[in-house]
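You will see two complexes here that share chain A, one where it goes with chain B and one where it goes with chain C.
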Partner chain A sequence: MRTRVRRIWRGWYGYARLMFLTVLQYRVAVLSSAALSVVWILLLTRVWTAVYGERGLVEGFDLETLIVYLTLVNLQNVIMSNSVTRIITERVRVGTVLFDIARPMPLISQLIAQQAGQSVGVCGFVLLAAPFAALVGGLAPPADLGAAVTYPVALTLGWLINTLLAILVGLATFWAMEIGGFTLLYQVVAGFLSGTSVPVVFFPGVFGVIVELLPFRFTGYVPAAVYVGQIDGVAVLRTMGWAVVWIVLLGGLLALVWGRAYRKVVVQGG
Partner chain B sequence: MARPRTLPQREAVDSPARAGRRGWLVTLRRTIRLYWILRLAAWRSALQYRLNILFMVAAGVAYQGVGFVFVWVLLHSFPTLAGWGLREVLFLYGLRLVAHALWLVCCDGFQLIDRAVREGEFERMLLRPVNPLIQLATYERQLDPFGDLLTGLTMFGIALGITDIDWTLWKAVYCVLAVIGGALIEASFHVGVGSLAFRLQNLRSVQLFIDDSMSILGSYPHGIFSPRFQWFLTFTMPIAFIAYLPASVLLERTDGLVVPGWLGYASPLVGVLVFMLAYRVWSWQMRHYQGVGH
Partner chain C sequence: MSLIEVRELTKEYVRPKRVTGPFGAIRTFFSREYDRTLAVAGVSFSVAAGEIVGYLGPNGAGKSTTIKLLTGVLRPTSGTVTIVGPEGPMVPWRDRERNARHIGVVFGQRSQLWWDLPLEESFQLIKALYDIPSARYARTLGRLRELLGLDEFINTPVRHLSLGQRMRGDLAAALLHEPPLLYLDEPTVGLDVLAKETVRSFVEETNRTSGTTILLTTHDLADVERLCRRIILIDHGRVLYDGSTHGLIARYAPYRDVVVRLDPDQPEPSQGPQWRVGQFIAERDLDGAWRFSIPRDLPIHTLLTGISVEWRVHDLTVEQPDLEAVIKRLYGERRAL
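The block that comes next holds the complex of A and B.
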């Protein structure tokens, strides 16, 4: 039993470490995406400051809280940026995915581990960018002790949902070889719906209801809103409960889709 | 070790001295003709992958469309953005996007400069009797810029329908020139950054940064920024000239500017000047080209 756990751990650690080192290798690209998020924070905070003017509270947000929210959510977004979709697409196209499947560690676990390694690596760069983001936008400590404790949990759940979604998108490559356009489309729409430029409570009417029903808000809005105390008390637990439900749902869906994709691979390589 | 080599003299093939008396005109006509031949060839090649084209164009539409949905959601809760209503912001957004798409549709291959240098393709370009800049411009075989163009024209078209501008011939001419000027400014940034390819291996992230920064800082009324930052966006990084100043002129909103209103009329000229400057930098940096040993 213990050797089994150790072996599994070694697999996860190995993949995560690999991606961590890859991030260090591509440091210029990561730094520039962190820098870009600072430019984006600059614009967003100015836009929101301009529209707020003298208003106090809109949709439960005062300007100060909103600025912290926007700064945080965009820094988070750099950590959430995924490469699992790209990894799987490339490996399927070239055919090396066969080696991945032949390994004792399940492909999906390999991908999650790689994404974990990447996100941890990117975290370091985000911490470098954070002082600039705070200067351009604004950062503050968590709203209260409860927020400080629940924020990491909410962020982790959101990260997992984001990763599962990204892998699901990547699996589409088993049916269509070239999905660059589709991936870009997904990233753009998912990024917006997660609340990186507008907190999801601002989405009007039916649009707002739909966004509320989709899983994307957990990957951006929810953790940041927990941090600034926009979601607090029992609502935090309820929201996280929903996040867990989504993780189970997406996990099930992923297992189903992967089962089908797997058979597809056998046919192609057979 | 790559050995430094001197450039084949580009002037030798298309210099005014060689091309005869009305040299520069002949050269220009020849360059434009060759540009079209190369451009059409690249597009024909892109048209081979039909399904992905559809997605790429759709992605281009979504990428730019989502940016505007942000403004739409925003102005749903609030009446104006720095005094600009939804229609006016749409006009500005559309104008910027058309300028952006114009540069991309014409010259997007230029973004592949680092790859061309790294993989030795640039060597081939130096040997052919066409300006390397033209060859690079026509190098890309993707069609997603047409997604940008589609979105830009649609937005701009809608904005034209709902904003009340007294169109005169002069205004229309100015508008077209401003779009060309805006495209030239965006191109200049890319040509300037691209000239770093002779010294750096990979420019992709720098290019993305420049590209996104221009779309982030160029598409909104600059009244939201502090006056000092507005000066910066006008004189240091001339992003204001891409669309904000022209839109201010056309919408008669020059009274809100931190710079003199007449400066807005100069936008097309600024485009030409900035591009000339970028071309100078490019030609100067090209001398530092070293073959990769092919």
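The block that comes next holds the complex of A and C.
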């Protein structure tokens, strides 16, 4: 039993470490994407300031809270940006997925571990960018002690949902060899629905209800809203409960899809 | 006791039939028609611990598919594979993780190394993944560094390595956890003479000192002649021959060639393309030498005395058929069918 736990831990650590090192290798690219998000924060906060004008409160957001929300959610988004979809499509395309399947660790775990390593690495760069983001947008401490404690939990759950979704998208490559266009579309739609430009409570009518039912809001809106105190008290626990439900659902779906993908494995050539 | 036991292994690839014409891609997606390819068709063999077996066949014969089935990467359509592990027998695609700890894999056309990072980082992953204790890791890596000459590039990012260096790195990565079973799929493909030699002597050394059982596919028959006492030859997914390398040559090339060059200051023994000496008939080579094919069990003495009665022999060579000649002939026959 202890051997088993140690083996699992070492495998996770091994993959996470390599992706962490890869992030450092590509530090210029990571820094650029952090810088880009600062520019994006600048644009968004200017637009929203103009839209708000003299309005005080919209759906529970005053302008000041909204600006902190937008700054935070876009910084988070850099951490959420994933490589797993690209990794899996690339490895299936060139056939190196052979080696991954022949490892003593399930492919899905390998991918989650790699994403963890990458996100931890990116975190460092986001902390570097945060002062600039605060300058062009605005940052404030968590709404209260409760928010400070629950924010990291909400962020972690959201990160996991985001990663599971990205792997699901990547697994499509076992059925269709070229999914580049689909991946791009997915990223744009998922990004928008997660609330990185517009808080999801602003979405109108039926659209709002649909977004409420989808898992994307957990990957952006929920953690940031917890931080600024938009979601608080019992609502925080209820929302996180739903996040856990989504994780279980997606995990199950992923296991199912992977089982079918494995049966379909046709390695290219050779 | 055999380490690998393969019985009636069959793998059929099923791919949706491509529809051409307008909206071809979409119609392909909804198509219910399939192309079926039988890559491995009822292959059976067993491998004993400590053997090096050459698994040969022309391109598309089913070699790589067999290896993928043995590693558990693919699931067969039917048939069984049993691998004897330390904790009892395993079925590769069912006991994938247990099997994985037990095997090392090299696919010469692909690399398991991390492209962006120094070579040693890939080894660190193997160390973590296979739960290798630090002392054992240091010892094994030390030996591999020495045998494969890794020191000069162990801190170089893999994308900067030459093909030969990369292959040495891949071999080390496949053996760091000291698996008792090693699958080598074209480990010398694209390498120069010296790099091939390094790979071969390394494989030999590994088998000799660690008793590692090795299944090797290759198109370079020098690999086989150097390393394998046993060959399994397959084509169209079926086993054509399973036995010793010498046995294959004896069975498919029961002749050797005696090439005779006569002194040029004598008249030609024959004006045509053939020359008859007793029961033997020679064909004229392009360079004017005469080539006799003599059955292996017949001494060449009769021929030599027959010739030297009338002719002065300037030069004489006896050419034993090698594996390459045999394989060439076998592949040729299969294609003619």
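Quick note on the criterion: the second predicted complex is superposed on the first by the 265 of 270 C-alpha atoms of A that agree within 3 Å, B and C clash if a C-alpha of one lies under 4 Å from a C-alpha of the other, contacts with A are read in each partner's own complex, and residues count from 1 in each chain.
In this section, a contact is a pair of C-beta atoms (placed from the backbone, for glycine too) under 8 Å apart; a residue touches a chain by one contact, two chains touch by 3 or more.
Note that this is a predicted model, so its numbers are computed, not measured.
Student: Looking at the combined model built on chain A, do chain B and chain C fit side by side or clash?
Tutor: In the superposition, chain B and chain C stay clear of each other.
Student: For A:Val51, decide between first (touching chain B), second (touching chain C), both and neither.
Tutor: A:Val51 sits against chain B, while chain C stays out of touch.
Student: Angle chain B-chain A-chain C between C-alpha centres, in steps of 10 degrees?
Tutor: After fitting both complexes on chain A, the angle is 90 degrees.
Student: Tell me which partner A:Thr22 touches in the superposition: chain B (first), chain C (second), both or neither.
Tutor: Touch status of A:Thr22: second partner only.
Student: For A:Gly60, select first, second, both or neither according to whether it touches chain B, chain C, the two together, or no partner.
Tutor: Neither partner.
Student: With the two structures laid over each other on chain A, which partner does A:Gly11 touch: chain B (first), chain C (second), both, or neither?
Tutor: Second partner only.
Student: Scan A:Ser33 for contacts with chain B and chain C and give back first, second, both or neither.
Tutor: In the superposed model, A:Ser33 contacts chain B only, not chain C.
Student: For A:Gly181, decide between first (touching chain B), second (touching chain C), both and neither.
Tutor: first
Student: Tell me the contact category for A:Arg263 with respect to chain B and chain C: first, second, both or neither.
Tutor: Only chain C; A:Arg263 stays clear of chain B.
Student: Tell me, in angstrom, the smallest C-alpha to C-alpha distance between chain B and chain C in the overlaid model?
Tutor: Least C-alpha distance after superposition: 6 Å.
Student: So chain A touches chain B in one structure and chain C in the other; where do those two contact lists coincide?
Tutor: 176
Student: What does chain A use to touch chain B in their complex?
Tutor: Chain A residues touching chain B: 28-29, 31-33, 35-36, 39-40, 43, 46-52, 58-59, 176, 178-182, 184-185, 188-189, 191-192, 197-198, 202-204, 207.
Student: Spell out the part of chain A that touches chain C in their complex, as residue ranges.
Tutor: It is residues 3, 6-7, 10-11, 13-15, 17-18, 21-22, 25-26, 94-96, 98-99, 101-106, 176, 262-263, 265-267, 269-270 of chain A that touch chain C.
Student: Provide the residue numbers of chain C that touch chain A in the complex, in ascending order.
Tutor: Residue list for chain C touching chain A: 13, 15, 29, 64, 68, 71-75, 96-98, 100-101, 103, 105, 107, 109-112, 114, 116-117, 121-122, 124-125, 127-131, 157, 185-186.
Student: Quick check on the complex: what are the chain B residues that touch chain A?
Tutor: 49, 51-59, 62-63, 66, 69-70, 73-78, 80-82, 144, 202, 204-206, 208-209, 212-213, 216-217, 220, 223-225
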